[in-house]
Amino acid sequence: MNGLLVLEQILNGLQLGVMLFLLAAGLTLIFGIMDLINLAHGSLYMVGAYVAATVAQLTGSFMLGLLAALPAAAVVGMAVEVIALRTLYERSHLDQVLATFGLILFFNELVRIVWGPQAIFMDVPGALSGTVEIIPGAPYPTFRLAIIGAGIVVAALLYVLVARTRVGMLIRAGASNREMVGALGVDVRLLYTLVFGLGAALAGLAGAMAGPLLAVEVGMGEGILILTFVVIVIGGIGSIRGALVGALLVGLVDTLGRAFLPTLLRLVMDPATADGVGASLSSMSIYILMAAILVLRPRGLFPAHV
Amino acid sequence: MSRLRRPRRRDVVLLGALAGALLLPPLALALDEPFYVSLASRILIYGLAAASLDLILGFGGMVSFGHAAFVGAGGYAVGILFVHGFDGSAVLGLLPGSDNALLVWPAAMLIAGTLALVIGAISLRTGGVYFIMITLAFAQMLYFFFVSLEAYGGDDGLSLYSRSRAPGLDLADDTTFYYVCLGVLVLFLWLGRRLVDSRFGMVLRGVRENERRMQAIGFPTYRYKLAGFAIAGAVAGLSGALIANHTEFVSPALMHWTRSGEIMVMVILGGMGTLFGPVFGAAVLLLLEEVLSTWTEHWMLVLGPLLILVVLFGRRGVYGWLVGGDTR
Amino acid sequence: MNEPLLRAEALEKRFGAVTATDKLSLDVRPGEVHALIGPNGAGKTTAIAQIAGELSPDAGEVHFDGRPITRLGMAARARLGLARSFQITSLFAGFSAEDNVAMAVQAHAGHSFRFWRDARLDPALRGPARLVLQLAGLQGREAVPAGRLAHGEQRQLEIAVALATDPKLLLLDEPMAGLGPDESVRMVKLLSRLKGRVAMLLVEHDMDAVFALADRITVIVYGRAIASGAPADIRSDAAVRDAYLGTM
């Protein structure tokens, strides 16, 4: 097995992990603070991707597209929160699941009407379209490296926000005891809307960055949403640290599994069976990981609530 | 128990629905619209799936968002056994295939039920938001698993060349198949009603009302929830077997998570915690989809907000509205 | 019969920097009423929760009926005869009063993997349920949904549900909470009827009730027992006066 190949796949895994972290960080806060299960979070990712793709096409600049996606997703997110989600906070989780399920159907159809059913393709920005030799002889796509870099920056910024600012303190307090925060006289509704906007912006950012890598199409949010759920379950609800660890774990396990499991299995099985079993197992690998962690820690690795 | 009083509104509604169901095929034939029989069969089958979800959702309070996985498992059980029976090979080199309904339909229930037992054993160790996400994730896992099974069609699905064989009945005839589906549904609704009124059913209801108190009075709630989950999964598997027969086709799309969402919608739309309600919910949803899709190809735009409104304002569901709240 | 029915030894529970239970020990003898009093926030409910099995102590042990139960969960302890009523009413709001009690009867009538007979028509459950309801003073109110009962009736039902599990020891967490004067008198009468038949660990603020019922009183302040003994002794204890009773 080629060491460079392994390194490349590890980086791919980190890149996937970063995208998942952007989605999971916002969502885990929303779960933890507002106790709201929101299936439509993937739709915000989709909005980010579509806005970025459209603006990039119109202006020819990926950066402009990215910069447009962030506020667009945040605004859409906050609008949805104020209009549709506020009534759901007091409701049962079942009601929240069904209502946000309805939101997904609505958003998907809306996007289909506005942009059409075909997928849009985004080009990797010229400046980042080459490769970088991280180790001599090992070229790696610059764009993917940029995503990893962006993720590290966001993670650092989030850490500063949550650990060092007043707003962050309110967020942490809200994640571990939401009634207390209200009792302390904080304008909880405003806090909720802001947290939602933050989560939406992060999701939009992930969508904009994913645009050049995957096709921008209706329904792109749902697949990654479920992966995000797995990340949050593994990491623990309400914990950004958990989201980071979970995202990196899921990203690495999924990527490395798909890349190397069939090869590993060939050591003990004939190639045809190994490929078949390998394909099946690797598509299930992160769920098996989730199950294993749940057996030991039913509330995830770093749950915010005790 | 006195049965000579004035009939309850509930009994009138149910008997009326049963009568309507019995008369549907001759009516459809008279109107020269055999399509209605096929649509009605689909309603009955999904009604069964929705009723099985109601057992754990409406009565047990377990918000399982992966129920379609058990439907799909049952469907694939029938499909895989059929394919092996057809070409004479053995499943995993051990089990002979078959298309005998008396063998494969119970097998579908057994397989789906066992799957539910395993998934439930892990998922039920959690609760709340975790449980919802985990059941969703496991269902997605199964979806990907079947997509990866090239031997059985993968993403394209698996075709059955005919329906299951049942002694004395020609299931290939749509009308016969319809009555079989109706019979199965009625049988399971009856058994289900007995179940939810039994001691076991009361435990599930108690868990939904106040699980903490149930534990405080001495119930080891986990095992009862797990049993309920497995039973619901097995019945969902049966509905999957029927779907596989109905369309003579199974594909991973059967267990896509949006299907789980649709089944849940049927339960809420029809009336949660009633067992009969979900069947009405299935009828309403499937008919709505039929009608809306002829008006506009963007019917989802309507369905989405409609769903939200129902959730927020439609407390008792269609069945609750029909029987005036007397759903016990 | 010298061995106490319940023995909690050196229980400790910390929530972050807060020590809720500080090496607390107490015991309850068969048939006695042992009252637990103390200011708000003293850790009484936390202590009950640890004895009932809802919270796991950081240190210490609990023994019941001669066996160690520290590792057992709530349901297992309930099956051994340790029943609990809650400070904040915790009933099956959608069930009738009779169904509430029948549920508790069913919990102690073997396993519930019975799928056929209608539980609501089962005399083995209904009969005992009605008896307990009568004992709790709720005859005539059997069919009312628990959520619709008056607050006082709900508190009576709280006790009834715990009682229906045929316990050896009742953990009563502020049974008088929110009761008016007449209802309080009724509740004290109910609990006196149970005196001697069932041991009780009674957490209460209502001092009239405490002195009317208790055989022994323990005073808890900041998670520690500062005094324990007969009611008359506690009444006159200077430390207790300072900490809690004030002008009693």
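Note that the chains are named A, B and C in the order they appear, and that numbering of residues resets to 1 at the start of each chain.
Keep this in mind: a contact is a pair of C-beta atoms (placed from the backbone, for glycine too) under 8 Å apart; a residue touches a chain by one contact, two chains touch by 3 or more.
Here the structure is a predicted model, which means the values were calculated and not measured.
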Query: Which chain is the middle one, judged by CA centres?
result: B
Task: Tell me which chain's centre, taken as the mean of its C-alpha atoms, is farthest from chain C.
output: A
Query: What are the two chains with the most C-beta pairs touching?
result: A-B
Task: With chain centres taken as the means of their Cα atoms, state the distance from chain A to chain C in Å.
output: 47
Message: Can you compute the centre-to-centre distance for chain A and chain B, using the mean CA position of each chain? Integer Å is fine.
response: 32
Query: At what distance in angstrom does the C-alpha mean of chain C lie from that of chain B?
result: 43
Message: Looking at the complex, which residues from chain B come into contact with chain A?
response: 57, 63, 65, 122-123, 125-126, 128-130, 132-134, 136-138, 140-141, 144-145, 147-151, 257-258, 261, 264-265, 268, 298, 300-301, 303-308, 311-312
Message: List the residues on chain C that touch chain B in their complex, please.
response: 52, 54, 73-76, 78-79, 83-84, 86, 90-95, 99, 102-104, 106-108, 112-120, 122, 125, 161-162, 164-165
Field: Complex interface listing, chain B residues touching chain C
entry: 194-195, 197-203, 205-206, 209-210, 212-221, 224, 227
Message: Under the definition above, what is the set of chain A residues touching chain B in their complex?
response: 31, 35, 37, 84, 87, 93-95, 97-99, 101-110, 112-113, 222, 226, 229-230, 232-233, 237, 276, 279-280, 283-284, 287-288, 290-291, 294-295, 298-300
